[in-house]
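Per-chain numbering from 1; labels A, B, C and D assigned in written order.
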Amino acid sequence: MAKVVEEKRVVTIVFAGDSGDGIQLTGTQFTNTSALFGNDVSTFPNYPAEIRAPQGTVAGVSGFQLQFGSVEVYTAGDICDVLVAMNAAAFKVNLPRLKKSGTIIINTDGFNAKDLRLAGYESSPLEDKSLEDYRTISIDVTKLTAAALVDSGLGKKEVERSRNMFVLGFLYYMYNREIAPTEKFIKEKFAKAPHLIDANIKVLKAGYNFGDTSETFTSRYNVKAAKLPVGTYRNIMGNQATALGLVAASQKAGLDLFYGSYPITPASDILHELSKHKNFGVKTFQAEDEIAAVCSTIGASFGGELGVTASSGPGIALKGEAIGLAVMLELPMVVINVQRGGPSTGLPTKTEQADLMQAMYGRNGEAPMPVISASSPSDCFDAAFEACRIAIEHMTPVFFLSDGYMANGSEPWKFPTTDELKEIKVVHAKERKQDDPEFLPYKRDERLVREWALPGTKGLEHRIGGIEKEWDTGNISYNPENHERMVKVRAAKVARIADSIPLQTIDSGADSGKVLVLGWGSTYGVIKTALKECLEEGLEVSHAHLRYIEPFPKNLGEIIKKFDKVLIPEMNNGQLVKIIRDKFLVDAKGLNKIKGIPFSTPEIVLAIKELAHA
Amino acid sequence: MTTDTAEIKLTPKDFTTDQEVRWCPGCGDYSILKQVQSILPETGVNKEDIVFISGIGCSSRFPYYMDTFGMHSIHGRATAVASGLKIARPELSVWVITGDGDSLSIGGNHLIHTIRRNFNMNILLFNNEIYGLTKGQYSPTSPEGKVTKSTPMGSLDHPFNPMALCLGADATFIARAMDRDVKHLREVLVRANDHIGTSLLEIYQNCNVFNDGAFEIYTDKGSKKEEALFLEEGQPLVFGNDDNKGILLDNGTPKVVRLDDGMYTKEDLWIHDSSDKHKAYLLTTFFDNPSLEGHMPRPFGVFYAQDRFRYEEAMYQQLDLAVERKGEGNLDKLLRGENTWTVS
Amino acid sequence: MTTDTAEIKLTPKDFTTDQEVRWCPGCGDYSILKQVQSILPETGVNKEDIVFISGIGCSSRFPYYMDTFGMHSIHGRATAVASGLKIARPELSVWVITGDGDSLSIGGNHLIHTIRRNFNMNILLFNNEIYGLTKGQYSPTSPEGKVTKSTPMGSLDHPFNPMALCLGADATFIARAMDRDVKHLREVLVRANDHIGTSLLEIYQNCNVFNDGAFEIYTDKGSKKEEALFLEEGQPLVFGNDDNKGILLDNGTPKVVRLDDGMYTKEDLWIHDSSDKHKAYLLTTFFDNPSLEGHMPRPFGVFYAQDRFRYEEAMYQQLDLAVERKGEGNLDKLLRGENTWTVS
Amino acid sequence: MAKVVEEKRVVTIVFAGDSGDGIQLTGTQFTNTSALFGNDVSTFPNYPAEIRAPQGTVAGVSGFQLQFGSVEVYTAGDICDVLVAMNAAAFKVNLPRLKKSGTIIINTDGFNAKDLRLAGYESSPLEDKSLEDYRTISIDVTKLTAAALVDSGLGKKEVERSRNMFVLGFLYYMYNREIAPTEKFIKEKFAKAPHLIDANIKVLKAGYNFGDTSETFTSRYNVKAAKLPVGTYRNIMGNQATALGLVAASQKAGLDLFYGSYPITPASDILHELSKHKNFGVKTFQAEDEIAAVCSTIGASFGGELGVTASSGPGIALKGEAIGLAVMLELPMVVINVQRGGPSTGLPTKTEQADLMQAMYGRNGEAPMPVISASSPSDCFDAAFEACRIAIEHMTPVFFLSDGYMANGSEPWKFPTTDELKEIKVVHAKERKQDDPEFLPYKRDERLVREWALPGTKGLEHRIGGIEKEWDTGNISYNPENHERMVKVRAAKVARIADSIPLQTIDSGADSGKVLVLGWGSTYGVIKTALKECLEEGLEVSHAHLRYIEPFPKNLGEIIKKFDKVLIPEMNNGQLVKIIRDKFLVDAKGLNKIKGIPFSTPEIVLAIKELAHA
């Protein structure tokens, strides 16, 4: 049946179903296809902590939200245009996200008596008046999938597992998308099981054709390619970008990458990604625990590799003591924290920004180290690369903060070429001959940085350790003056990094005004979106987003002073705001959301307006 | 790594640093330091290719006295640091120095994992059955009932049997020596170094300040012959004054017999074979309290040595294989990925 | 602790909570949960006197499904938490639930220390040879070469042999069971609970999502009789289809023999005796890769059980002794100390 | 020879010698005797990290500084009146502490050629002109000791070991002290070796008599008893006071004390002390590491005991993850940090206050907990007791901060009686009968505190854990609103403790003025001493000292506002100052000393004056 084609600028879809329904895969495929088509995209996967949470229940719902558009999009969207609900529980959980008059695509087979009971419905919401506000497209996906596969010889379970392809095909039709990229994906994924290739493609096409032939709806939608800056793009997830950033840094520095880690959600995917790149000389070591992970990394750094260790909050807590050692040793190391909901085990699969203070202060004694943060999935690449650069060039452990939202989210990435990447200068202490002056392991250059002296280099034999070290020689020293001098020089070394990092810029808005929204981390997209709205309304508001939290860019104080008020949105109970207030003695206000999910645009807009008018 | 091999022969002195040695006078650590410094020149490894990694404890000050590369890390973590170093730089000669508290209390987990992974490194476990540096609390090797600063009424912990623990963790080399028998210590150090894989050498070390005499029975002339059993490859297990006792296997069960009453000769005895894991197990069971009647003598020497793949070697094989399969990593290709589109 | 013993007899249902069980359909954890719930009423212990402590992992969700006291602690630390609880409240029945990652990777140190101290508690180690909760990385029990999410080219780690490790740590009770043989699992659970001291029960548990079939050879009807050796107290070691094979000790060395070719009878075989540590050791060595020719069958049941003093009992003896010697503590006397002076 | 007796108000002596010389014992004995006599005393032991650092060298010097007086003394003194130097190295290290015209008591036998070489002297300082500024009393202690013991049958080593008794006896004569208390001590110490009792007492008396008969000096000194507040006193060291505070709290609460710990300097002595008090039901558990120490403590708290764990900085770092668990579990627990020089292994035997931020933020996620600090050796008793009270009554882990200076220092303590101690109210959830309402483990009272539900109590079966918990029920909950609510309520619970703690008081000075010196921890004594000096000079300065750092006393902000300037002296690189600036937006200034040794009075005075006049 021929359909009208409507143009749309942006669309937000949430795919929702049981954890076993392949929701994440469906969402990812739609995303990749849209990205390949040229849309700007931004995603937010949101799944339960259990591997397979109880089937059919609210707790077992897996969701994947995606915003794509012909204009730039910075978040996965606040309110959804389309809800795909594979069962009653998924419907229940996600209906609140759907805008009035939005579209619901329903798998009717997921609303039988048992499903309703598990979802806690007394009667079927499909027969409810409340649905009148929405456009409902009901499909018995299970039946149609089974029909498509009737001759395939596949078992019931396998048939059910390919239902998601039907839905995907249907949406491809609805949004006027090609199915070729997904066909290619299916072929690669099931390379070892050709019968599954055929089956999945068959179902995918069945879904597409169902859209074409069914009478269930009358219009298709077209979302044109976005006018992104000229260049070649790929879609990328945050953890993947982080992994690539590390590999890139190791290549630019000419060092092998050593990645010592212990699995933890949501950081593990970096390990998985890196372990695929052994042909880059990447050595991944799954240690027995986080302490061994960081300590082995210190060992590798001592040996001359680019040492990186990663975890999430609880694992980072375990690394604190050893990170302090790295501060003392003044060896390069990057510590990645992909933050998740805390405290303690907290909300392992949810996002949060509550480990900033831990990064700043979660060690005994005066143990300053640089703290770098990424602001979006693709930005993880740059931030990870920069963290490595600083670690190597300034001989210091560096914290790199990511979070669950950007780690699992994805967006188009105008990836760089090798040549476009900054150089990373590695300075190794040189071999000493008999009559050369004695090697002083803690002698510093003008940036207060010591030399990296690799085992195996003649004449550089030396000992380092966690007890306070004597100026220059690095020998153990209990001298009181020396200790103070060393504490101060370690702090000064970190502070001087400010000389080599870019000045802070204003992301949107004017250089001065009423309200400065100062953000860090994955709130970037939503703040940017909110600012757009506010600026369009003529509010005097600006947005600056921090990559460097320790040390701050040198001009941050000046920037702040140019605004009457400072608003600091954070997915925590107020952490950056403490540092800003302390450093600059301004009455910065926090906007805090601690729900394991990102801010929505209206939340930020509202806070800006309230503060502007306060 | 320096490849220049036309080296001037090194001497023990070359391994001495300018740092004053800060152990208590009379501490057993001195003797071990000296023996290590004395065997290193014989290994033929260049100074700059040797790294000593330690944790925290009296014994862990060791690296500061060795003129090689060294790291005095944090308590219990030396094996973990060394593991990373070994992966990064498999060609280096890596030595771990650790105490009974450092390796068996806080560091127990890293120890057993290092052992099962079988990195090619030498672990010297200075066992003085006490926490020396923190001034005399009991350790996981202190005997039950030991009165220490933290156990004024006696320790309640059943101690570890380090050889048994390490064997249980599938060690490929376990051995025991003592600070006071320097000749034997030297020999075992050399064997530990020669072993390719993780060599775990427990060294009984006297802490004359907080646990003086803990091993006297094995080191004292008067009792040594009766109490210490020296294992020699291919030789029968003989001990006792005038070598008048031996150990044989009676249907699989070790039994002490006399050699001077005409009943048994050396030919009847258990022949030491460090490649026999079962026998090694039996040797680890010779761990009785020496004050018990009829106890077995304590074995010294190499209990067990086995060849098994090393983690770091296996890793480099994978790295090579990956290059073989996919070619040397091409960063541009990696960044570009599989699916791109162009905005123009 | 409630002393009122005139209890209504409990049923497995009484141990079920209102929390939905959140393991994947088909997960081996269900069966273990069921068996534990089914044996508890038989122990005669009141619900309120039972505590389940776990770490983190799929298996560690267990306490939430047990209507007793419970703590879902942090990764690897369940044994440490349980140790403190046992010292505080020795009369409680304490169960530790842990996974192969939880207990042998991050929690390895606490495990071996708990075992040597021999607290009276039951440790159920759910071994699925994988990290389930974090979605499929290899664990310290995964076989060499295992392809997982973190080891796309195969694991490089030589795995732990958990029974051997625990025996090396001087365990007083080690046993093995499997999720799919529920009758046997029940029996061994009861024996673990009856043992006074630390009972370490390894349970082979199928993770059908990330490591399906890891133990199929032992649970599958077709291979089970040939591959699994069930240990029964006082009985000869017999296995194989039609019980046609047995194991005997040939001069201390285990040897598989046929019972159906007239050469050997059951009388010739090794009789299982869980009080014999040496035999227990030999049983732990039956750990070959089952794909190897001539490999030994894998033993199930109680390998070893020994009576040894419990840490917490020894502690209470000291507390009593201290009171006996010095009298009940008098706070005023303590605050005043020995040397005072008065300003007036 | 009869000597003139001079009256002195305060005297500062530093005993110095080789680590093997028994310096700490000598100092402690002199202290105890002086305290027993009625002087106010304050001490500062300062010894090397090594067990027996190399004999005769500068690194091996052990020192014990003591100020005693007929007036109240708050520090171990800034500049010494008397230096006792057992060898050349001790002389070299400590001479700078001696005031011009001060007295040096020299063991000449410690200045032979080898001693001089080891100490790094080219020629003997005893023959130096620089000594002209001082009064020197040279004694060949070794020879005189040997002479006293000529008939004792003791070996050379044993004779040398009792040399310190000679010096002690000599000083007892010089300061007109009784030797009886030390005689008693010797008898107890050597109860099992009677020949050593005789020998030591003989040498002690020999030293005393030598003072009496020798011509080396002409005046004795008299330091009258101090006019301390009326009451009965004992001398006490900080760690000992901490231990007693814990025992007292357990007794007042009617709970057994569980102390889970792993040895570390300078916290171990608490373990040693507590392990002596098993007859109080005190259970000390030396765990395999710090993680097991804190986790076993959590287990014991769950079981219903007063759970306490202690360490120093590096060990506290290891406990971070589990402390976060305790925050989630809302179980009482006290975490003691006896701070030492950091970062990493740092300066293990030296003092520092650099773990405050770690106490505040050294955990993942939002994990607030109360932070309590002691301010002097005897105050450790009250602070430890108070930490326990708050933990139990508010069902929360509590940080108690001590440091190496107060832990090893000692002072007179007007110890309380049991009756004088605050009550500690323990509320256990009650047994539930069949028809009782369901037990809700996370139901809170008006202070937001939940009930302590002990295993073994019928009907209270429940599960707790580190994943976010549902309001009231404590079941696992991933609900976003619930998470925010729980994060906020945990913060509010800690904040509400402010309702039950005393308001902040001004320690000295007026309620308002030019400069407020705001301190915390062991700087109390030196700030108080400095204030006295400044107030006498008429400066408008006041001193407030914090016991409660989290939450602050409710009136702290008001107090601060009444001063033009705020000075915050800390033995770190500026930590409390950050919190104060953030909370109150005042331009508080830090005075920082990071030398592993306490402030001296002039340092504080100078900073006050500079700020007052700035």
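Observations on the structure shown:
Note that in this section a contact is a pair of C-beta atoms (placed from the backbone, for glycine too) under 8 Å apart; a residue touches a chain by one contact, two chains touch by 3 or more.
Which chain is which protein? Per UniProt: A, D = 2-oxoacid:acceptor oxidoreductase subunit alpha; B, C = 2-oxoacid:ferredoxin oxidoreductase subunit beta.
Small disclaimer: the values here were computed from a predicted structure and weren't measured.
Each chain's centre was taken as the mean of its CA atoms, and the one lying most distant from chain B is A. Centre-to-centre, using mean CA coordinates, chain B is 30 Å away from chain C. For the pair chain A and chain C, the distance between C-alpha centroids works out to 39 Å.
Work out the mean CA point of chain A and of chain D, and you get 46 Å between them. Taken residue by residue, chain B touches two or more other chains at 56, 72, 74, 105-106, 108-109, 113, 140, 153, 315, 318, 321-322, whereas all remaining positions touch fewer.
Shown for chain D are the residues in touch with two or more other chains, namely 59, 278, 288-289, 291, 314, 321, 325, 344-345, 465-467.
Because contacts link each chain to all the remaining chains, their graph is best described as complete. Chain A makes touch with chain C in their complex at residues 50-55, 57, 59, 262-265, 268, 271-272, 275-276, 278, 284, 286, 288-290, 314, 344-345. Residues of chain B touching chain C in their complex: 105-109, 112-113, 116-118, 140, 153-154, 156-161, 164-170, 249, 251-253, 277-278, 281-282, 284-285, 308-309, 311, 314-315, 318, 321-322. Residue ranges of chain A in contact with chain B, taken from their complex: 32, 35-38, 181, 225-236, 244, 247-248, 251, 256, 258, 260, 277-283, 285, 287-289, 291-292, 295-305, 307, 321-322, 325, 329, 415-418, 431, 455-467, 475-476. By the touch rule above, chain B contacts chain A in their complex via residues 1-2, 4, 17, 19, 46-49, 51, 53, 56, 63-64, 66-74, 77, 80-89, 91-92, 109-110, 113, 315, 318-319, 321-323, 325-329, 331-332, 334-344. Remark: chain B residues 20-25, 56, 58, 72, 74-76, 105-106, 108, 131-135, 137-138, 140, 149-153, 209-210 touch chain D in the complex.
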